[in-house]
Amino acid sequence: MKRNAGPKTGLLLWMSLMLAAAGCSNGNNDATPDSQPSQSAGAASATSAPPSPSAEPAEILLGFYSGGASDDKMKELIDRFTEQHPHITVKTQSAPYGQFFQKLDTQIAAGEAPDVWLSDGVYVMKYAERGAIKDLTAWIDRDLNKDDYYGLDFNKDSQGKYWGVPQGIQVGVLFYNKDLFDKAEVAYPTDDWTWEDLKATAAKLTVDAGGKTAVEAGFDAGKVNQFGLTFFSITEGWFSVMKSYGGGVLDSSGQKSVISSPENKQAFEWMVDGMKRGILTDPVDLKSFQSAMSVFPSGSAAMRIGIYARVLAANEAGMNYDVALLPKGPSGQRAAPVIANSWVINQKSSDAKAQAAWEWIKYWATQDEVQKEWTALGEAVPVKKSVANSEVFLKANDKPANRQAFLDSLEFAQTLDVNAVWEEWVGKFNESAQRAFLEDASIDDALSEADKNVQQVLDGFYKK
Amino acid sequence: MVQPAAGSSRRRGDPVPALQRVKPNREGGWGLLMVSPYLLHFIVFVAGPLVASLYFSLSDYDMLNPPRWQGFGNYERLVGDPLFWKSLGNTLYFAVLFVPLQTFLALLLALALNQRLKGLKLFRMAHFIPVISSWTVILYVADAIFNPRFGMANEWLTRVGLQPQNWLQDERLAIPLLVFIAVWKGIGYIMVIYLAGLQNVPNDLYEAAEIDGAGAFRKFRFVTVPMISPTTFLVVVMSTITTFQAFEQIFVMTGRGDFASAGSPNNSTLVLMLHLYREGFTFMRMGYASALAWVLFIVLFLLTMAQMKVQKKWVHYE
Amino acid sequence: MKHRRFARFVGYLLITISALAMVVPFVSALMNSLKTYKEFTAVPPKWVPDVFRWANYSEVLQQGNFGQFTWNSLIVSLLSVVGALVSCSMVGYAFARLNFPMKKPLFVMVLGTMMIPPMVILIPHFIIFQKLHMLDTLTPLWIIEWLAQPFGIFLMRQAYLTIPKEYEESAKLEGCNPFQTYRRIFIPMSLPTLATLAIFTFMAKWNEILLPVIYLTSNEKYTLPVGILSLAGQWFGNEQQMVAAALLSLIPILIVFLFAEKYFVQNHTASGIK
């Protein structure tokens, strides 16, 4: 009996200590974030005019994710900025990409977040629709001539408000390994390819363990050594196929699933058939590589759908490759996936700090020198058209030769149906798509399951 | 109401009345003084955060906006969340395989290495290498062996005429294989705890046993096992808790740096902490994640209390 | 006698095989650190690179402020080790050997503290350190170790529970108070366990990633693992160079292990298996 008293009293003591702690110290109430009003994004700042420029001294905290060589460049650019704006002091905060957003969310919860930070393009709406960042529409209207820039619209919501200014743009094109094409004596991709053309060529470039290609008799689709096209998740996978077939995932409001459509079914038939024949990597194939990103640089696939940043790995691996426009759908429609990492401003920053933060964004987007320096790093397509169309971008390196393809693709670029719950619905969609890809479910079943699950995710946020 | 700790009073034979707290006897005063670092720890870093997380769990909380009280909504959601039940099942399955296997093998290993023989120093260090390796490095090695396409395991299987396996991509094999890899990585850690514990086993007990004519097995069974049982108890409790909090290993081994596919295939390796992290930090439902944490906490608490109770039957204290 | 020698031989053989299996990750990492990027991504994977590219090491050390990062990590880890040794042994001793009010419930709370998922108290802890004005300093990373972390308490308590009570009683007869008994008798008798605690604390702190990222803002305050992770960008990292840096960063842990290791096998040659 006595011995039982231990654990029980332990719990009791615990509870009472906790209650005592709750009662006597305000510190615990502080454990909840500042009582800053949390309007939904819509109501927050629809008509607020931008504070007028002033030379009031301001210190801002600037957040970005770090990355080897880019850190030094960043420091340089910040120094130049403070030289030009002597009244503004810039403190920086960088963190590895993998932990950046967990840190940011913790900081926002504690009211410690940066005044301006670099947001992954697919997260801008997550922060916008939860009221964590400022509406930049009025500032952009006042200070930026929209015709001079690529990609301002990538951060525009369905009501026409702008939430960020791109730091750099990632747009998808078709990467192809010239050596593998030459070896198979197959002609390089052309810009008028359809997805069917791509598949026909890819079949000739798919090789099994016995050295047979997918167009030869006796080819073993279960033992492929070299794939025609590698294929991965949303951005560099199903999204552009579905869009160019005329389908898609969400309607223009971003709140309703349009997954169950004949166009999507057609797109899925193209993909599932390709995987069944071993021409495209299926999800299990991908898992047998060190990472889904290493398939193309290792020469295990002749083609990939890739965003601009993939040139970094391809060049480091010393590949002989080039890029072309992504193929057209059956009705001639094109779609290139796009992600624009963007500068956004903290909703809770004071007017003076927000104004200083906007100066930083303006400096970033408008000044040729800044744009050129950043472009030279080779991580992203610059936002300023004059720089993107100059030698700095087009001939920054010798590979890939056809850099113009990235700029041409921006004409039909589409953001990834980004909204507040993007990551969650993509996860649900991937689950169902995977069942279709591995033929655990029929395409119809997988699409209707995805439709139901994605809509449920959307309703969980928008119809609360 | 409050009784002094039974275990120690038995030894002393003169239980201290609890309500002497007003004028504590000298030992009681010393005791409280010496545990005061933990008391401070509790007051500053445990009590408040626990209350906060309890409050979060009863709120709608996305971290970006202040929590809004909503009662037991998160707990209701949890009961109807198939992924919660799945992840709880997976976690228990993992723990049931992992804890006994690792404990037993680590004890054997520690016994083998607890000798003053030439070269054993190197062997001890070798067994510590996986412990200090990152999970990413472990992934490279595991991949070289268990990769369905290029791995050595399938090569051997085919060579002896067996069917190649999908290993980590196989729903049935994934958790047992993860357990195997976790034991391989973690055994050196437990070995170190056991090595330290073995130093406290008095030599004369072995000598006495030898005089009685006990062989190696009898010495192991009747001297080592009971004398090391406090360490075993520590190891079992600790491993259970760390298994329930396992996150990085599952994330790295099954996701390969891609969050969306961690827990694959088909959620068969989704463990509680992965579910919790995803709900809290990826889907911005910190309120729900806190509810998950509290349920996890209660499950662990009950498990540990059960272990505390059972220990009296097998743990030998001085 | 003969079968005993045979048993020893089998024992050595098993341990050798086991040790070899354990060294594989080290060898694999070493090989990976000497590859080119092309070799690193090769399919099927290559164990041994064609040419050992030692330049990976020199190149990676030129990026980032590794001297500063290492210094920061040393401060955090060493202060943590000292704090853990002092606080955990004292608290563990009290739980094992002293009677005091609320002892058992308090110990249940120690165990309970371990069961809280770290993720959900991240925000409250961040806010506490914000109020204490300790953000962007190294203090939050080691100060908590001075307040007796539960694992260390548990480890020390279990060790002290096995020490025969005769030692304690003789100390008492000499007029030692509990603290003196702890200092003079129990600490020297628990060196192996203290060594264990030192290794574990050092290793945990040296490798920690999430908390330094959360608490530190300025680049010059980064600890080593954060500095290494920062070498990779969102899109691309020269992974073979990061492996090289990570391998170098393991050296201090091995040194600590070697220092502490000599306490593991002190006074016994016998342990049951021969």
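Order of writing sets the labels: A, B and C. Residues in every chain begin at 1.
Criterion: a residue touches a chain if its C-beta (ideal position, glycine included) is under 8 Å from a C-beta of that chain, and two chains touch if they have at least 3 such contacts.
These numbers come from a predicted model, not from an experiment.
**Q** Where centres are the averaged C-alpha coordinates, which chain has the largest centre distance to chain B?
**A** A
**Q** For this structure, I'd like the pair of chains sharing the most C-beta contacts.
**A** Answer by contact count: the chains B-C.
**Q** State, to the nearest whole Å, the distance from the C-alpha centre of chain A to the C-alpha centre of chain B.
**A** Centre-to-centre distance between chain A and chain B: 36 Å.
**Q** Distance between chain B and chain C based on Cα centroids, please, to the nearest Å.
**A** Using C-alpha averages as centres, the distance is 16 Å.
**Q** Taking each residue of chain C in turn, which ones touch at least two of the other chains?
**A** 43, 45, 102, 104-109, 112, 123-124, 128
**Q** Quick check: what residues of chain B touch more than one other chain, meaning two or more?
**A** 2-3, 5-6, 42, 48-50, 52, 63, 140, 143, 147, 149-150, 281, 301, 305, 308
**Q** In chain A, what residues contact two or more other chains?
**A** In chain A, 5-7, 9, 11, 27, 31, 102, 106, 109, 290 touch at least two other chains.
**Q** Spell out the part of chain B that touches chain A in their complex, as residue ranges.
**A** Touch list, chain B to chain A: 1-3, 5-6, 42-43, 47-52, 54-55, 60, 62-67, 140, 143, 147-150, 166, 168-169, 256-258, 260-261, 264, 281-284, 301, 305, 308, 312.
**Q** What residues on chain A touch chain B, complex-wise?
**A** These residues of chain A touch chain B: 2-3, 5-7, 9, 11, 17-22, 25, 27-28, 31-36, 38, 101-102, 105-106, 108-109, 126-127, 130-132, 233, 283-285, 287-288, 290-292, 421, 423-424, 426-427, 430, 464.
**Q** In their shared complex, at which residues does chain C touch chain A?
**A** Per the touch definition, chain C meets chain A at residues 37-38, 41-43, 45, 63-64, 102, 104-109, 112, 122-124, 126-128, 130-131, 135, 209-210, 213-214, 217-219, 226, 229-238.
**Q** Give every residue of chain C touching chain B within the complex, in rising order.
**A** 11, 14-16, 18-26, 28-29, 32, 43-45, 47, 87, 90-91, 93-95, 97-121, 123-125, 128, 144, 146-151, 153-155, 158-159, 161-165, 177-179, 182, 189-190, 192-193, 195-196, 199-200, 203, 207, 243, 246, 250, 253-254, 257-258, 261, 263-274
**Q** Would you tell me which residues of chain B are touching chain C in their complex?
**A** Chain B residues touching chain C: 2-6, 8-9, 11-12, 16, 18, 20-21, 24, 26-35, 37-42, 44-46, 48-50, 52-53, 56, 63, 109, 111-116, 120-134, 137-138, 140-141, 143-144, 147, 149-150, 184, 188-189, 192-193, 195-203, 206-207, 210, 216, 219-220, 223-224, 227, 230-231, 233-234, 237-238, 241, 244-245, 247, 273, 276-277, 280-281, 286, 289-290, 293, 296-297, 300-301, 304-305, 308, 317-318.
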